[in-house]
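Letters A, B, C, D, E, F, G and H mark the chains as written, and numbering starts fresh at 1 in each.
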């Protein structure tokens, strides 16, 4: 029981959000799992992870495999070559779906990222699956995608425009 | 009870699929509900509905509101004007989400349509919601979208290229 | 099978929403079930039912028992008297909960009505249960209750101010 | 395996509830998660937390953000200003809903607190969501709110009048 | 669509409960399914069915097979003899479980009947299964069984003492 | 309401099972949906359907497409040829899975048939899916397959050896 | 990650069941939660706990509060006196239901114990709730209760006659 | 909280898959549970476990009891002898089902293994149960079983031919 009550007491050390006085914490410790859905070509995940990392929060991120060619070729690389491009993609997508399915199902929050160069249909699909699973979604995109993403935004709990806003939302959710 | 057993007997009149001899049907009557997700600017839904209609099958289609301006403006039209475009979309999306949510939840099959001019993120989102609900999906798009839709295609039960293929799949599922 | 395909064909007679030309309907027939949660002292349910009734739409309304004293006394009336007011309420609430539970679970849409004189906690509780069940909610209240209902409104798909707006939302959802 | 069996043996140290002799415990260790829904202006949560804290029980509390202005303004503070009060609330409620949704879903028990000055509709809504999720609810309010909360009370597993009663219920549930 | 709106209009003919003036009905037609769990030796089901039948309500009852020897012997009768009494019961229980499982899952309400001579464990088990499925339960037994059934009663929505009380509860739920 | 109460009264005409006197029926009308999983080369489904048909029971059967070559080739026939046998099967299985998935999910009872020449892995897989969905299973096979099917049999509600036994089980479930 | 892989390696130390040679374990560590439903007057839970304790297995037992008068009186003791015995029981049952509900939902296995002097309806109800939740049940009673418990036994995964048999089943499930 | 953030930091030590440079890990630590369904006569599970073991990954394997005679005889060994072979199997299968049910429900991934000598119906049934539970399946069998397993393969996320391929898929899912 010592262990449990320690966990409870540890939670009293929760730090206050920026600019606010420390407070008596009554919220127990938990690890928050955040799935970062979105394109895998730019460093937006690092921006968020760095923003969170600076505050040492109990957040564990997950997301798709970010090495593009590894992700695209994993099917044929492991399971053997395919002539047809469609089946080549299919094999890779199957293996990627195993991990995405598991990560999405155990995520507490799903961040869905789009930008002007990466209006990725597969990301919108992932966000839909997450919504179908009942996960809270944070959309993250510029205003010029608002109309194209209006149904996703309506289903989202928040629509952020910058990585810093995502970080602040996560900090508030975890710390406040 | 007469009614029920009549229903059972009626099902014996199920016609055989094209080019096949009539058969003793053992499958009871049901109405199949098919949600047609996809762009609302071209007549692809009519092609499918006409193809099915020619065979008098027990299929009831549903889908988004296809009058574009009605769908886009319904929020402010009913609930009052908004300065901000974002909230204008939000209000319409909320009302549209009521019917989409209900239709997707009671659909037996969801067809998700994309073409080169309409790579709609909201459609991919809808297909994801349907997948999260456990609905069988039939993807319908040209091969040049295969890579962009590889995860959706992997989750789909079939990937069709033409309205006629969608019609034939539905006919097989309902009649065979 | 005739019955089913008739049902499909019947759906072609769906009338267009006010001010819009008739259209080729592709949506099959269904009955939409709408639960009207809210106070039982004024005639707001009749306003909505009349508004819908004028258009002969396939909507079946349900809601709490609206005869106040019957609803309040049903427990002791059927199951025997109680000294204690708490248990008197408890017995009635139990019987009322049977029908509310069933109606909420099978509702397609839940309308939650509040006004300045009827900020009913039990109605907010019902709306919460409906939200927990995943039902689309239409909130219906004046702007001066916005802050007091902000979490319910956030979870709602639409926030209406008048019975007519509720009617128009339901008509759009069912007919458009 | 040592770890697991240690956990089991630790549980033998469970202390007996007040006034009862120690006993051979056969219940394994777990952390009980209790969500404290209710107004955020008075110190009722501290009363309960202190009551539990005195006994070093494995209970982790969660609840809404209790700094009122932070909670109310978080939306515009992070995501940018809004002219309209409704959307200001909406943005904050969305972010607050992320954490409430997660906390309610993982709670073992939900305490719902009301007093004469705080008959909060949003709290009743939260309790309804929790009930819809199948969570055991402990209502906590004075008798003069009994009629106004009769449906919530009927759905609750216990109706407490004081913080001490809530503490004793939690202690019994965790320790007995 | 005519059919659906007819159904809606029909519902306007709902009669008022005993001693109450007719009213404008706004509740759509539905068939209420009530499972009558309990001993199969006395005529209590007929009392309830007759009470309901007198009012021509849309209630469809289901329940266990009431011909005792048929129910007990159905396993060996269809599937072949067994030496061992345990397996004889097992085979019958398996077949009976098919129908009980289906009836319980589609029931709207489950009535659980016990009397002094029939404190049947299998009935309490059935009621538990129904409770696990989330079905509203109406317990029906004499006060001298109150202590022995206190957990079942606590989970029930009402505790009736007579068949007439059960009838009145069902009438209220369906008609009020 | 007339319709519903008619349905209730109709149910009074339920005939008694073979060799039993007519009885006062209290069970409402419903259509029972039975999925017949198993090989598609012999006429075992007809034996069951004929056995049921002779008694005019409200049972609607479903099952896989029984024209072998149609079922095997449907993928390439509709969606275009494949070089690789694996993908040829995959395309057909996808389309067949749409209807199997829907039929299994709405089945009340699943019969799983195996014989010495048809120990079909896909049938065992289907039965497993049905069990995972919580459907009652009736296994139907000879004793020499008992050991090979012991886990499936354990999960089944009954193990039949002949088509007549399956018919009698269904009759009892529906009529008794 | 060291922690996790240690956990995996630890699992290699799993001891073999009685009379069997040690083996290479490939099953990871987990704590098995077993709810012991049944009468609270005799020491049967200790027999099982001792049997398991002797083997230092990762099993955490839970069950009802076994101090009879505490369990019976807890409602009035905490929440205040009641004149009526029925409501006295009701208050206690409500509080007991909180912990039973939580324990049953997180149990891996539920043992349901009956003996000739304790044919407790509430225990059968608990077992039913567990079955409705999909939990594997081990029934534990003498053969003379077989007929009275035939439906519960049919739903159970095993029917044991002695505490030692229960212990051996649990050991096999956890260790084999 | 230290513990949680340690866990997060630990995850930064995740090693890169074979032949790839180390990377900044953003995925938190978790233990992946993999159920290995399939025959219990050859050493295929060891091949996979060894392949994984060499990389020290956080994977915990589970599966059926692999000592054949223990698994087959456990029912009568614990619960007493049976004359009839069918009930002998039934008793063992019941006990084995307890652990299989629990392991399958908590598995992240299910591997289903078949070879020419072991086309086990019970394994296909297990895979079906897992699919019904929504678990990602990796099929593992030679091409000559492709047609016999086409429906299972279609439902699987990957079809592997060698133990090494299974190992590489698991490594990719866990590490990439």
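Basically, a residue touches a chain if its C-beta (ideal position, glycine included) is under 8 Å from a C-beta of that chain, and two chains touch if they have at least 3 such contacts.
Computed from a predicted structure; not experimentally measured.
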{"item": "Chain pair equivalent in interface to F-H, over half of contacts matched, among D-G, A-D or C-D", "value": "C-D"}
{"item": "A-D or C-D - the one linked by more C-beta pairs in contact", "value": "C-D"}
{"item": "Distance from subunit C to subunit A - Cα centre to Cα centre, in angstrom", "value": "36"}
{"item": "Geometric centre distance via CA averages, subunit F-subunit D, whole Å", "value": "47"}
{"item": "Centre-to-centre distance between subunit H and subunit A (centres being mean Cα positions), rounded to whole Å", "value": "27"}
{"item": "Junction residues of subunit B - those touching two or more other chains", "value": "7, 11, 29-30, 94, 97, 159"}
{"item": "Parts of subunit A lying in touch with subunit B, wherever the complex brings them together", "value": "85-86, 89-90, 92-94, 96-97, 100, 114, 119-122, 124-133, 143, 145-155, 159"}
{"item": "Subunit E residues within the subunit C interface of the complex", "value": "1-5, 7-8, 11, 17, 20, 23-24, 26-30, 32, 108-109, 136, 138, 156-161, 165, 168-169, 172-174, 176"}
{"item": "Subunit D partner contacts - residues on subunit G that touch it in the complex", "value": "7, 10-11, 13-14, 29-31, 33, 36, 45-46, 49, 56-63, 65, 67, 70-71, 74-75, 78-80, 91, 94-95, 97-99, 101-102, 106"}
